[in-house]
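In what comes next, subunit A is part of two complexes: it sits with subunit B in the first one and with subunit C in the second one.
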Partner chain A sequence: MKFSQSALALAALGVVVLSSPVPSATDAVAAESGAATAPADPAVLLRLSPSQYRHSIHDIFGASIKITGRFEPETRSEGMLSVGARLASITDSGLQRYDELARGIAAQVVDERHRDLLIPCKPQSATGADAACARQFFARVGRMLYRRPLAAHELDGIVAAAGDATSVLKNFYGGLQLALTEMLISPEFLFRRFQMEPDPERPGQERLNAYGKAAELSFFLWNTTPDEALLRAAESGEIHTRAGLEKQVDRLMSSPAMEDGLRGFFADMLEFADFETVSKDPAFFPSYTLSAKLDSQEQTLRTIVDHVMVREGDYRDLFTTRHTFLTRSLAALYGVPLVDKTENGQPQRWLPYTYPEGDPHAGILTHASFLALHSPSGRSSPTDRGKALRELLMCQRVPPPPSNVDFSVVQDVNSEVHRTARDRLTAHATEATCAGCHRITDPIGLALENFDAAGGYRTHENGAPINPAGEINRVKFDDPIGLGQAIRNVPAITNCVARKAFAFGSGRMPVAANPEWKQISQAFADSNYNVLALLREIALSDLFYAPPAATTVASTSAR
Partner chain B sequence: MKSSVAMLARRRVLRGIVAGAAVNVGLPLFDCLLNDNGTAFAATGAPIPTRFATWFWGLGLGEADWRPKVAGRGFELPVQLQALKPFQDKLNLFSGGEVFLDGQANQTHFSGVQGFWTGKVTGAGDFFSSVDSAISGVIGKTTRFRSLEVACDGDPKASWSARADGKQPAEVSPAALYRTIFGPEYRDPNAAEFVPDPTVIARRSVLSGVKDQRLALAKGLGAADRAKLDNYFTSLRALEQRLEIQLQKPEPLLACTRPDAPPEEQNQAVSLATDAMKRHDLLVELLTHAMACDQTRVVNLSITQGMSGLRKEGDPINHHTLTHEEPIDPVLGYQVKCAWFQDQYMQGLATFAGMLDKVKEGDKSLLDRMILFAYTDHGAPRLHSLRNYPFITIGSGDGRLKTGMHIPRPGDVATRVPLTMQQAMGVPVSEFGTESNRVTSPIEEVLA
Partner chain C sequence: MKNRCVINTRRGGTSALTIAARSMLLGAPLALFCTASVAETHGYVISWFATATYNQNWKEACPEDRNGGGLQLNIRNFMDIGFSREEATDMANNPALPNREELRERVINRAIVNGKHVNVYNYPDAVPDPNIETVTGPYAYGFDLGGDSAHKFIDPETKQKVDNQLWRAVGCTESYRAAPPQMPYPEELSWNTMTDSALAWAIQISGEDLGRDGKVTVTISRVLQHLERDASGGIVSGATYVLEPVTRSHNVLQGEIKDGVLTVTPADIYLEGEMPYFAEIAIKDAHMRFKRRDDGKLIAYWGGYIDWKRFAYMYTARPANGADTMGIYHAVKKMADADPDPATGQNRMISATYRMEAVPAYIAELNGNVVAVSSRGPAWGAQSARVAAADDRSPDAANP
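Our next item is the complex of A and B:
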């Protein structure tokens, strides 16, 4: 929930910005010291995210399987849906939705178009049960779906269930379809499970088992279920050796599927899931079309993938880079003269674009994916944008506004005196109770006031010129370009992306004081903030696979 | 301000023209299907069901003093509720109730509802076991859907309905809601023939076949994970129950008709109040049919989350911001722009009540056999007040509530109204709420 749809609804609470969320014994420091004595909570369930679900189905059954339907909303915790996945259970209407998805998928897997490709055998009779053929199918598919081989009794159970259904329906494929539907709504598929086992190399301690390790790695780097090679490395135990793990990490990182992992991570960190509820008034923002809204997310993800994977650039330069990619819809929104020779009526193409020197656009903060997502539908909010920058990109927490703010000071929004957001906020911030918090959000957000609530460029608001000067950590700047340069040099930016990358894979935030985490952070700095180097460092660390402590799981659900 | 009644009438007419059969809600239940008193089905003697609906609007009734001067019957509806005038005899207006924070922070647009709808203010974001779920736990166990949740602004998190495992997501698309209720799995209760679907029979056998091994999963899990699995199994039982219900021949319900499928919407999100209310009207039509066809007996609607981001066309400032920034008109005594939103919402409530009232089940309308309960997030939104909450009920719950009254209880605990609702709907509770929000007696004067 966005706390401030009003740019003015934020006020001070004594304390200014908190440096980072308070560690809640979630970390491996606790786990490492406590594992020998108290493995009280050896497994943890994390609900698959919608993108993990989609990628898994496409990897197992092929991209031609259509996934129609919607998912239960996700829960965000510590700024990440992947951390919230630890808290998520499956509600009644959530299961209804999974059931709809599962029935749609299972029907396609056994249909005439797909069955020869996806079912490795033909039944003896199309109208009767064939346990041997069903067994072949479920042994393969079950291992992929559950990310581990099925136990004998599990395989027996599902084959028998398919047989029972076949005898009711007098249709082999119908029976297979219903049993597969069942598997697709099973907790073994819908939840990732951290299964621990005794660690033979460190007697008395526990480690993540080989299949759990394969899954953790795969969801981290590819945002999908482990492939055959990873499952084999788990089966042979190779993944437990340093050389074996390195081989898999390097293999995954050199694959094009690495892009899916990066996209999944940054979409989570930048809260793109919230675009579902974003809508702007076409009367005010005619260029903010549905395709502009969708393209703006893609613009940012493309820019990140290009910068991080192709150029292997410094993460900090994402806030200053003039390189990006645009479509016609976005060019119209930004007022950029883009030459696209695509025929009318053809799908829009993505074209690389470099903003010229002196252009007010540079870096991902000037993308509509940031500017529009953190604005109410009708007008921009420097407070919302400043808060988002602090929370999403710097891992800081801005306190909520107190409930009893008196707004009489700025009652008149049609005031001739307070025409711009800066004027109104300045008036509001004369209130002592409000000034403290607005000081930490507004000077950042005001620098982006040259961009309206949809991300379009402007120089005036209500006829008055906009002054985009601002300040962060006592560094002053004159405009959005200056903001990008100042943000680039704030240490919290790199700490935050590293912490959130770890959380994306493991479902928990690392604790800054952990010695192994310090090493990972240092290696990231030594690489000139190369995100790929960071991901590799995390994927090869012991910390990443350390037993999740029982206390990791909070008892309350997030709003 | 224009007369809301006139506006409502015009809206109806327009909708009738634009949306064709939008307010066509079925035929009366034929008396021959009912017993002599018109209170139960003749064939089985099963009583005609009682239903419960909740309807949430954000940001209260604004800053004005909306409390009627007169208590009991014969009160004058405040200007903010003029749209409900046609239902004055069937409604009750509760005023004065308060949520107590007991030292917790007032989480704006949240703590109040947390207090009166779950019974406890926790200072955190947890929201479990809402009043409607206690009610659906009693009256919703035998229908396909224990309850249905919808939201009108495209936000699936706008619902306040929560079971033991937390909030239920809301359906935001009328087209998708139609498919859920009236899609291929829907069995027409009035169909001449009933043949159980073999796929459903097979499905049921598959589910029971693998259930036992699933229970073994819980082994070795910690408490939090076991709780998650418990929730999963509860959801799975509900799924099984839906299959069971699909295999039983339904009671004939001649007030039940299958509505037309609404159009697919282009964009999930909505930012204009008028667009949200158009979607509202499509959603309540489907919910009305769903109750008339006994697919569910409990429905929960939210227009938005408490902090409504809806706007009036042409105005860049949203309702929530206006509640804080708009001056109170010195002559009228209320915020004029905010009142426009309240009126939009209340016209929607009147539309819903009107649809329910048109469905005739024997001697009474569907509205008469249910309670439509309307509530909001703040007593007065500008300073996020938790005092003087307006609660509205429409319908008597099949004679369990007296109606037509204003019940002022200044300073009383707001949870007393939800306790009264639970008792009226047959939930066996004698108290509700914790600490200062705990109540041990209902509002007797409305219980019939």
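Our next item is the complex of A and C:
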């Protein structure tokens, strides 16, 4: 495998670096420079998601730093990448990718465009080592990257490494670049560490240490690394007091950066990372352009941010709201007019749009982000959509199909006998091995059959009229609008979003029977399912910062 | 439902205004006429536009087949500057010709004006007519414009005698040997290069019931956005476009849908453009017939008289299109069949026909009002008149 020049140079200079692939999170820490003690429980490490990595770099070094390259694929567990992050390791190729990202970032930080802004001092000589200046730089940057102050031996080590590299390269900034690259591929940056400490208020028990708490709070609400104020609250111990924690939670929640946290959470919950592999046959779905595909995710996130953060609406109304935001590309996909007076050649604008009464679109289930993501490339799939609705939004699990199922009837979209998906699924479900699961998924998914595989509206399939009637929890409905109204009133919808919100921040699902979790759930209900109120309750709870064993739950316990 | 009244503009096109608004603006009696009442308006944007080609039987159309392609053109050019056919052929076939640049300059500057060598593309009349082969076959798309009966073609679709001297002039040229969805090469180059930036043209069709035969109003205008591509590189249906507020490119025509075909009362039209070859669409006595496919797309032919010099200019200004620029210039000039110059007798206009396609679109005004809806189907009129989505080129036209 290839390592950065910095890794090789530092290794040659005798600096301890990652010298082998990182097979597991625990090993990653163990292989690190020895600055930190490797935790015994791998569950106390969470790998930064790509969006957390990007936000962190931009918050530390500025948005002008370009982050180019691909990330190690993420792992989904319990329906959430943020839960899978605690199981994530770094593979050979993953380390190479992180190394390439780190080299690109470090080079920009020290280049002539950025160095005066990001490096707080000038070296005595551009060609020689300057330990004082290097120390000043790494003390500040290291604190932000590792989300805690560097230990003295850590800082000494990195300053020495930069100095040695400078001596070889005859370039002070080159030395900083190499040492910074190493920090950027350190597990201390790439993984969030849940470092526990004795709890002075509860002798014999442990609590998350102050910096860990600050990081958990920041990644939960802002989806990024803690800012200076939060690190100071950790440094002073203020974050361990109720008043201090409330002050920080309220500060974070009143910031515009709160939108990043909401976006990160809902993108994870709605599995938008899977859009990377979504494609539609352009011969059948010409309106599903690349713009429409990308914009569809943004449409849903904008709708959620507007509903949850701006309007502070009831979470359940996300399934019925007629308010949304569209671009011209999306409007064309949906078949609705959108008057954009932007000058020709300029990027398309996002415009607020309210579907009129009678329009078949309402709620996020009628967004292309849901409809297209959960359809194969050439046809819609009521089963996939029903399964997604149950798993993503209701935290229920639909068993996979048996290995010997004959899908030929379902997939024959040109059948002259079974012209609609309902016809085909009815025929398919005559097989006893299939009928059980399809009863769970299809009555929901068939209600969305008015939307094709790309999310475009239709009334007929193969010339036959589509019947979008369905049922959930013995509540019958006639069409997609009715489905949204029925789903709105299903308790699993609110339970699920609350559990996943907790998991997004902590990397673990809450125990449903935990008394504190019950209090959080009740507070969510009492707030008329205000998501901001939910997030605040979670952020202020002891449960959120509790040691992993207290909250880890078997996947079936909450179902 | 609303009633609309229209008034002729200075270009011979028309612009739609309410009586009240117009009266307030001008404060004077106006010669107005009112169209049929409007219950629905469907919008479109022109997604494909090119000279109408008919290449079903090349041998019949161009029996001599002597115009050739780029190689033959180079041979002729070398002969024009004094080389024998054998020498010119050797030179044209030699990719490593040592003095290519010098020869190129001589070819370009072979025109002589006042004893000086000048650029042939600036002075096309200063070189002899190469006398390229022109179409002698019987078929071309078009309309009967009342021209000389000796020059008539037969329209392969309507079987009517039609005027289309532009096709006669260019139809034996290699780059016009195209059939939809291909455009003639120079036009396609221009269209595909500029589609993503040039302002588009919109069509609104208004009528009492567009699903039935009846009177309609056809409004053709320019919009403020370029065409939006779809996932396969075509033009997306259902996008929204905003009308240009100025009336220079605003044309209101009266028409009728009958047996699934919309025809208009001939009128002059003008559309400002931004593309080479389509820097403007200026057609005198424009005749039009539209059909609508089941997917809502319009297929139409527009015929009338255009300024032959404006067409020829596109060739002389852009000679590197693999066509015999001088040949086309002189052919078009010779074939011009209307509007004689009183002083010289040279006709200034040439009959021509364009083929166009338009996809459904919402059309809005700058104030945000949506004035035409995007409707994806079905075809107009009787089943027999429908155009098959798979092949709109009237397969039966091949052997009229």
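Assorted remarks:
Note that the second predicted complex is superposed on the first by the 496 of 559 C-alpha atoms of A that agree within 3 Å, B and C clash if a C-alpha of one lies under 4 Å from a C-alpha of the other, contacts with A are read in each partner's own complex, and residues count from 1 in each chain.
Here, a contact is a pair of C-beta atoms (placed from the backbone, for glycine too) under 8 Å apart; a residue touches a chain by one contact, two chains touch by 3 or more.
Keep in mind that this is a model prediction, so the values were computed, not measured.
In the superposition on chain A, A:289 makes contact with subunit C only, not with subunit B. In the superposition on chain A, A:432 makes contact with neither subunit B nor subunit C. Judged by the touch definition given at the top, the superposed model places A:340 against subunit C, while subunit B stays out of reach.
Contacts of A:329 after superposition on the shared chain: subunit C is touched, whereas subunit B is not. Once the two complexes are laid over each other on the shared chain, residue contacts for A:310 go to neither subunit B nor subunit C.
In the superposition on chain A, A:152 makes contact with neither subunit B nor subunit C. In the superposition on chain A, A:187 makes contact with subunit B only, while subunit C stays out of contact range.
By the document's definition of touching, of the two partners only subunit B reaches A:379; subunit C does not. Within subunit A, the residues touching subunit B in one complex and subunit C in the other are 280, 283, 290.
Considering their complex, residues 105-108, 110, 122, 124-128, 146, 149, 153-157, 163, 165-169, 171, 176, 180, 198-199, 201-203, 205-207, 209-210, 213-214, 217, 220-225, 227-229, 231-232, 234-236, 238-239, 266-272, 305, 307, 309, 311, 313-318, 320-321, 324-327, 382-384 of subunit B touch subunit A.
Across the interface of their complex, subunit A is touched by residues 197, 199, 224-226, 228-232, 234, 236-240, 242, 362, 364, 366, 368, 370, 373-374, 376 of subunit C.
For subunit A in complex with subunit C, the residues that touch the partner chain are 280, 282-283, 285-290, 328-329, 331-333, 335, 337-341, 343-345. The touching residues of subunit A, when paired with subunit B in their complex, are 1-2, 5-9, 40-45, 70, 72-73, 88-96, 99, 153-154, 157-158, 160-162, 164-165, 168-169, 174-175, 178-179, 181-182, 185-188, 191, 276-281, 283-284, 290, 376-379, 400-401, 403-407, 410-413, 453, 550, 553, 555-559.
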